[in-house]
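Next come two complexes built around subunit A: one with subunit B, the other with subunit C.
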Partner chain A sequence: MNYHILSSIIFLPLLMAILLGVMRAPLKVLKAGAILSSLTTLLLVVRVIIDFNPKGGMQFMQNLPWIQNAGITYSVGLDALSLVLLTLIALLMPLLYLYMLKEHRKGYWYNMLLLQTGVTGAVLSLDLILFYLFWETMLLPIFVMIGKYGNGLRQYNSMKIVLMTILGSMSMLFSILYMGYIYFETTGAWSFSLYDLATIDLSTKSSIWLTAGFLLAFAIKIPLVGFHTWMAPAYGSAPTPAVVIMSAIMAKLGVYGIWRFGYGLFGGTLHYYTPTIITLALIGLLYYAIRAITEKNLRKMFAYSSGSHLSLIALGIFLSNIYAWGGSLYFIATHALASAGMFMMIGITYNRFRSVNIEQLGGIAQKAPIFTFFFAFFALCIAGLPGTGGFVAELLIIIGAFKSSFLVGILSATTMLSAMLYIFWMLQRTLFGASHNETKIADLTLKEIAMLTPLVVLLLLTGIMPSLFIPYLEPQLLGGF
Partner chain B sequence: MILTLLPALPFLSILLGAFVLMLLSHKKSISLESFNVTALFFLTLALFFELITFGLHSGDYLYPSIFKNFFIFDEFAAIFDVMFLIGTIFTLLVNSDYLKSRNYFSGEYFALLLFSLFGMLMLSHAHELLTAFIALEIASLSVYALVGYHKSKKVSSEAMMKYMVLGSLAGVFFILGTALIYALVGSTTLESIALYLHNAEEKDITLLVVGGSFLMVTILFKIGAVPFHSWVVDVYHGAPYPITMYMASTFKIAIFAIALRLYLVDFATINSFWLEMLQIVTILTLIGGSFLAISQTLVKRMLAGSSIVHSGYLLIGLSSIGLGSDIAAPAIMFYLIAYFLSAVGSFGILSFIASQSRRQMSYDDFKGFANRRPYMALMMTIFMLSLAGFPSTIGFLGKFYIFSAAIESGQILLAGLGIFTAFVSVYYYFKLIAMMYFYESQTDKQKSFPLNVSTLSIALIALLVIWGGIGTSLLSFIPGADGFIDLAKQAINSL
Partner chain C sequence: MLNIIVTLPFLSSLLIALIYLGNTNAKRFVLYTSLGIGSLVIITTLSLMSLYDMMQGAATIHTKLFEWIHLGDFQIEVAFMADRLSIIMISFITFIGTLIHIYAAGYMKDDAGYGKFFSYFNLFMGSMLLLVLADNPIMMFVGWELVGLSSYLLIGFYHQDAANIKAANKAFMLNRVGDFGFIMGLSILFISLEGHGFSFDAIKANIALIDYQTLTLIGLLLFVGAMGKSAQIPLYVWLPDAMAGPTPVSALIHAATMVTAGVYMVARFSFLYIQIPDIGLFIASIGAFSALFAAIIASYQSDIKKILAYSTMSQLGYMFIAVGLESYSSGIFHVFTHAFFKALLFMGAGAVIIAMHHEQNIFKMGALRGELKLTYITMFIATLAISGIPPFAGFFSKDAILVTAFASGHYAIWTIGTLTAGLTAFYMFRMLFSVFHARKSKAQRVLHPLPKCMTYPLIILAIGSTFAGFVGVNGAYGGENFIAHFLQLPDISVHLSHSSEYMLALLNVSLALFGMTLAYKLYGHRAKEAQPDTLFKKVIINKFYIDALYETLFMKPLLSLSRFIATTVDMKIFDGFLNYSILFYRVLAGQFIRLQNGKVRAYALYFLLGVSAMSLFLIYKLGVNL
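On to the complex of A and B.
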């Protein structure tokens, strides 16, 4: 059972999509099938969490030959790091299906199913070609969802995100191929397994170049400042479920990539880039925060806010001390929960008001108190309100930053301050103040409350009782990567 | 005695078929479908002979007492034969709708197609330069005629003139090269050339190098490498869809059959002379092809431009062979299979659409295609992804092997450039996907998926493209991604 469980989690949605597609399932069956597959994966993931041994390192491994001539294997496995992301994906998908329950366009559902397979596969693969496969294929559903179901300049923006991301992927592919070749040269056999490639000795110069290939892909995905031009347009154009996945999962995958493959393959060389990345991350922190303050479109505003926080996570990873690492890993989870909730709220806002422009909102608090509560809660989580998970995580990263250098510490602490600034100002203008339209606004429905409550509960749990979660993560963090 | 004829049966049956079709073609009473079926019968017959004799006659020559060592039978040639035959079968199957929709097709079309196929089959078996030239010209002349097949259409005639004049000029170089080699070696069989080179320690081999370069000019012209590319886009555009498909897939493979045989066996020892020239041509081809493909507005012309880029990838493989990469030759063969499938598929869909309407098929005409024909759009997407080298398709593995070979042979920058042009190609392939899916349709829905020979064979190719990319060795009874490359390796080893 355990041997196949990860593969089942990866491929269940894809198989469901193929099955439904071949059946030419009517909409109702399609919805039921998608929800069924997401709930089944969630159950499987719960099973994985129960069986997970925090001290066990990489587990649930499965190795199968795939393309033997080129030494490409199908190998998947799971450790604390991937467990965090896997849990997030499995948790968010049913909630997103609940969110889009009324969606009648079939392609939407198929894309979500494919997307789940893509992101899950990328999190679990331990073979670089396999990882590359999932890394690329998860882009396709996003491409279609933005381009077909998005708004604004959707065609242009979807093309932009695809081209920029693939530029990064291609540079990563080059590095992967070169490492495979070096392995071939030293051992006489081709292999692209993470553990095989980690054993090879690289000269400093080539190692620096190869690292750059990987880092470019991850920097674009995160995105670090300078590689971010796709971000705001894509977030602005994408439909809500796609935004949630992009911000909660895909951006995190960039960080995950640095962790898994950056540290896994080039532990030493990565330090060569530490000053560059830390500088970019610090600039990003401030730059994105300023852009978020001035932004009027809520989706774009939280795109920038997401960029700012991901820069903080990237910073934490490169600081390489246990506080910053722990904080980053924790922040991956809590920020994903908070931003998923926030983007869902923005989606709900759009459904209610047909606008996500701050200037056209206002005075919601009097009319829709439950809406206001959830909206404000998620916004404050993003700002790092004490008592929520984000606070714990940010605090850990900032402590880590102070440990490494006073200046970095001060600068990274500005994220919390600037986030407070734009969040509170935004809340003031959207929820309070004078209303711009006199029509009655429906408060949150039961379905919407059901969809948001798990996120709220988890955010509170992670904030109040971190001790529930830390034991899962600690052994691996102490063991280093 | 008669048994030695056995391996020759495939191309004899094609020749017979060509004559039969030619003789029948003056009869107006015979319908196109009957011609189609007749041609398919001979093709299947040839494929059958090819498969039962596969690997039985490795290294044999055809009637050495009569033909000397002009024709060789080995697995290398056999695999190429199979590819040509399957390519022609697909050309006929996929385009059966298109043939019906145009009134200018008649029996000669099938005869010409089989004649050109006969030329290609000879080409893959040719073990002597003049034989190779004759085979090449048999194939080319038929293709020239086919390109200009739509006589009343100006573009078609222009394309034919352009192709024929330039193609004949390029063919002359082959003869000149052969003459120069003959002047030095005193023979034109590949064996004696290889033998001469083997013993030519301190001898002057300038003539051979010059002759070999001339041969290469012809080869580069035929595959449309820059700077011999000026005909490609116009000719592909002017030719009827079935012929464009045939040229882009099958005919291009035939050229690589002879190129691989020449440069793997014949000139193996002096490959390094051409290395720099080849590398420069490769760089030009990759960049020039990308520019051509980006700037097109008609999808057919874009595919023509991109076929130049694909030639560039194949040339990367060729120069890797020159640098002694072991995996380069199988990589080229695998890439040929991969490109062949994707090209046949994508041109097949174009020809299917063309059979339904008379549009020029610019990018704009594809707007809302996914609404009109969801399955067709899905398959077109698969082919575009494969051409772009997106993982989980066979096109990705093709590029994977080519770039690995380039890196293995130390051509890091060339591999980098290849990967970069692959990135550029994402733009013009994804643009088509975007057009199909992201825009509303101007015309009504045509939901039903017409189940006929054309569409079913396109669907089969689409499945092959996916299976070739992800097929695992777990299902050992179906050859997957591994099976293709094993086949390619076997072919190269038989040389």
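On to the complex of A and C.
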């Protein structure tokens, strides 16, 4: 059972999509099928969590020959790092399906199924060609969802995200192929397996260039400051489920990539880029936050917010001590939960008011107290309030930063201030004050409460009792990467 | 027991919140009141029982709820500690908190958000108790931030008015600036201890590991947190605006409890601060300066709650003088007495405001002493107490602080403190006489009746304001300074002959009486609002333009920077780079299109050029002999 479990988790949504497509399933069946597949994967992931051994390193591995001439294998596996992301994906999908329950466009549902396979596969792949394949697969549904179902300048914006991301993927592909070739030259056999390629002895110069190839892809995905101009337009145009996946999962995959492949393949040369990335991350932390202050569009504001926090996560990885690493890994999870909740609330805001422009909102608190509670709760989570998971993560990163150097410590502690600025002004203008329109709006429905409550509970649990979760991560963090 | 004291308010807050969100329109006065006040009565009883035990000589209590985090050597527990310092704190916090809850039940009775109010109020109590009882600085910081959150929620309680939310934002943001310093201090402290544990006991035991310079930095950064929370210069500007919240909130949070957290923190870290007397002196100077500064502004304010807010800031200044000069127990003693009379003043002010149909300008009141007899008498007692008239509570605690300043040779601080004492009496009696004595304005008025639950707590607090000082009577007045002996804090020992102490006290009291007389002369009969007619008055009435200064120094540049990033850096530089590279390809493509023009003669030309180039290459480069 355990041998196939990861593959089942990866391919179940895709198979479901193919099956439903071949059947030309009517909308109701399609919805039921998608929900069924997401619930099944969630159950399987629960099973994986139960069987997971924190001290076991890479586990649940499956290795099958695939394209033997080129040494490409189908190999997947899971450790603490991928477990975090896998759990998030499995948890968010059913909630997103619940969110889009009334969605009647079939393509939307197919894209979500494909998206799940793409992101899950990227998280679990241990073969670089396989990873690359999934990495590109997850971009397709995003392209379609923004271009076809988005709003605003949707086609321009979807083109922009795809072109910029592909620029990164191409440089990564080049690095992958070149490494495979070197492996062939030194051993006489082709392989693209992570563990085989990690054994190559590279010259410093070529290693620096190859690392750059990977880092470019990840820097665009995160995005680090300077590689970010796709972000706000894409977040602004994308439909809510796509935004949630982009912010909660795909941006984190950039960080995941640095962790898995950066440390996995180039542990020796990565330090060459450490000063650059720490600088970019610290600039990004403040740059995005300050940019967010005057942003009027809520989706874009939280796109920048996401960029700011992702910069902090990236910073934590490069600080290379257990506090910062623990903080980054923890932040991946808690920020995903908080931003998923926030973007769902923004989606709900759009459904209610037909606008996500701050200037057209206001006075919601008088009319819809439950709405206000959830909205404010997720916003405060993003501001890193104690009692929510984000606080634990930020605290760990700040301590880790001070461990590494005083200056980095001070600059990373500004995260206490930066998020606060845009969050509290936003709350003031969105929820409170006098109402701009007299129309009555409905408070959250039971369905909406049901879809948001798991996020609230998890954010509180991660904030109040981190000791429930940290033991899953600690052995691997102590072991280094 | 401590576990119950801290968790019960949180639980009742959560329960009330859930019930309230279930149906926000339902009137559940009895349910909310019994949940909100009931939980407080329980924890007050428990706290007083613990206090009694400890007075009988019981040892420090440690309890552990669960492990919070364990990552490498970063091991933090949700654990509580009640030593003598924290037990004093929670005793009066829960006791006065309960009284204010009862008062609030009357004050907020008809408010649609009654349930919400009690949920926030209990959330605050839980957070405050967490702050005080925390066994390690991280848990203290959690409480520290959560009291800030509850303060934000309560200041912005009437959220329909954008001004209130602005005030709430200001409070939260300035507090967070302080917290920014606090968390840096904690992080450096943790790193410097090199994994020797992070409970207060462990820090105290290993404090010698840290060199003097680092300790100075840590002490300074932690104090930045206190500046924010306890509204000291330069982070004080939120406190006057915080009066936008309902009056019980001001009484509980912005007078008796939360704002004193900074003083408590310094006392809690007294083992650290005694090592760095330079920072102590800095703290005392900030305190002295804040005390005087706030007193000057208070003398020109017209809003009853703002006068009290500035007076709170001023009294907090005294407390920081005490803890800065390493007289920790007299600082805590003043926290203790101040809680009684300041809560009483706010609650009295709230009663007046309700009676006057939400009028807050003291110059529009006047001659209320006949109609609001009980409020008048109790507020008079509190004003005597805050002015330092013996034998009321404030006399003993303020006297202890000034004696320390004098005896330890800090004459500048002592002078400021003494002057401020006189000024305090002046502006407090100015308020009291304007409200209760001065001739009333001509307009007819019908007072709003006050419920009993709003007036009876005043009596209890008046008793406290009268007698609370007796727990700290020092040798000069025939007492044993019970509170200082009980607290066992590492106080500086100062020696001053009894006769000098009497001289100092005499000076203070005569200054206070002078201020009182002056106030009566000016405001006892005919109260007139201060007019900004001279430059001097204009500057003070506009609070030295500090708000405007902050606005120009911080907010405006930040907003411009944000717009600059949006319109220039993002659009022109980052996007510009992309767009120009696209443009470059476009132009290039345009040029290539020209080549492919479909004309045979052009193609024949390319053909000729190509063949010629090839021939030249063959001949000159490769040396082919034709």
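We adopt the following convention: the second predicted complex is superposed on the first by the 481 of 481 C-alpha atoms of A that agree within 3 Å, B and C clash if a C-alpha of one lies under 4 Å from a C-alpha of the other, contacts with A are read in each partner's own complex, and residues count from 1 in each chain.
Heads up, the rule we're going with is that a contact is a pair of C-beta atoms (placed from the backbone, for glycine too) under 8 Å apart; a residue touches a chain by one contact, two chains touch by 3 or more.
In this text the structure is predicted, and so the values were computed from the model without any measurement.
J.: Record, for the superposition on subunit A, whether partners subunit B and subunit C clash or fit.
T.: fit
J.: For A:G326, using the defined touch cut-off, is the partner it touches subunit B, subunit C, both, or neither? Pick first, second, both or neither.
T.: A:G326 sits against subunit C, while subunit B stays out of touch.
J.: Applying the document's definition of touch, where does A:M465 land relative to subunit B and subunit C: first, second, both, or neither?
T.: A:M465 contacts subunit C only, not subunit B.
J.: Going by the contact rule set out at the top, does A:S8 touch subunit B (first), subunit C (second), both, or neither?
T.: After superposition on chain A, A:S8 lies in contact with neither partner.
J.: Let me test your reading of the model: by the given contact rule, A:Q428 touches which partner, first (subunit B), second (subunit C), both or neither?
T.: Once the two structures are laid over each other on A, A:Q428 reaches subunit C alone.
J.: Looking at A:S405 after the superposition, I want to know if it touches subunit B, subunit C, both of them or none. Which is it: first, second, both, neither?
T.: neither
J.: In the superposed model, does subunit B or subunit C contact more residues of subunit A?
T.: Subunit A has more residues touched by C than by the other partner.
J.: Once the structures are superposed on A, label A:V392 by its partner contacts, choosing first (subunit B), second (subunit C), both or neither.
T.: After superposing on A, A:V392 lies in contact with subunit C but is clear of subunit B.
J.: On the overlay, how many Å separate the closest CA atoms of subunit B and subunit C?
T.: 5
J.: If you lay the two complexes on top of each other, which residues of subunit A touch subunit B in one and subunit C in the other?
T.: none
J.: Okay, in this complex, where on subunit C does subunit A touch?
T.: Per the touch definition, subunit C meets subunit A at residues 20-21, 24, 66-72, 74, 116, 138, 141-142, 145-146, 149, 156, 159-162, 165-166, 169, 172-173, 176-177, 179-180, 183-184, 187-188, 190-191, 558-559, 561-563, 565-566, 570, 574-575, 578.
J.: Give the list of subunit A residues in touch with subunit C in this complex.
T.: 164, 226, 228-229, 232, 287, 290-295, 322-323, 326, 363, 365-366, 369-370, 373, 380, 385-387, 391-392, 395-396, 398-399, 401-403, 406, 409-410, 413-414, 416-417, 420-421, 424-425, 427-428, 431-434, 465-467, 470-471, 474, 477-478
J.: Going by the contact rule at the top, pick out the subunit B residues touching subunit A in the complex.
T.: Touching subunit A: residues 385, 390-392, 396-397, 400-401, 403-404, 407-408, 412, 415-416, 419-420, 422-423, 426-427, 430-431, 433-434, 437-439, 472-474, 480-482, 485-486, 489 of subunit B.
J.: Tell me, which parts of subunit A touch subunit B in their complex?
T.: Checking each residue of subunit A against subunit B gives 64-70, 74, 129, 132-133, 136-137, 140, 143-144, 147-148, 154-155, 158-159, 162-163, 166-167, 170-171, 173-174, 177-178, 180-181, 184, 190.
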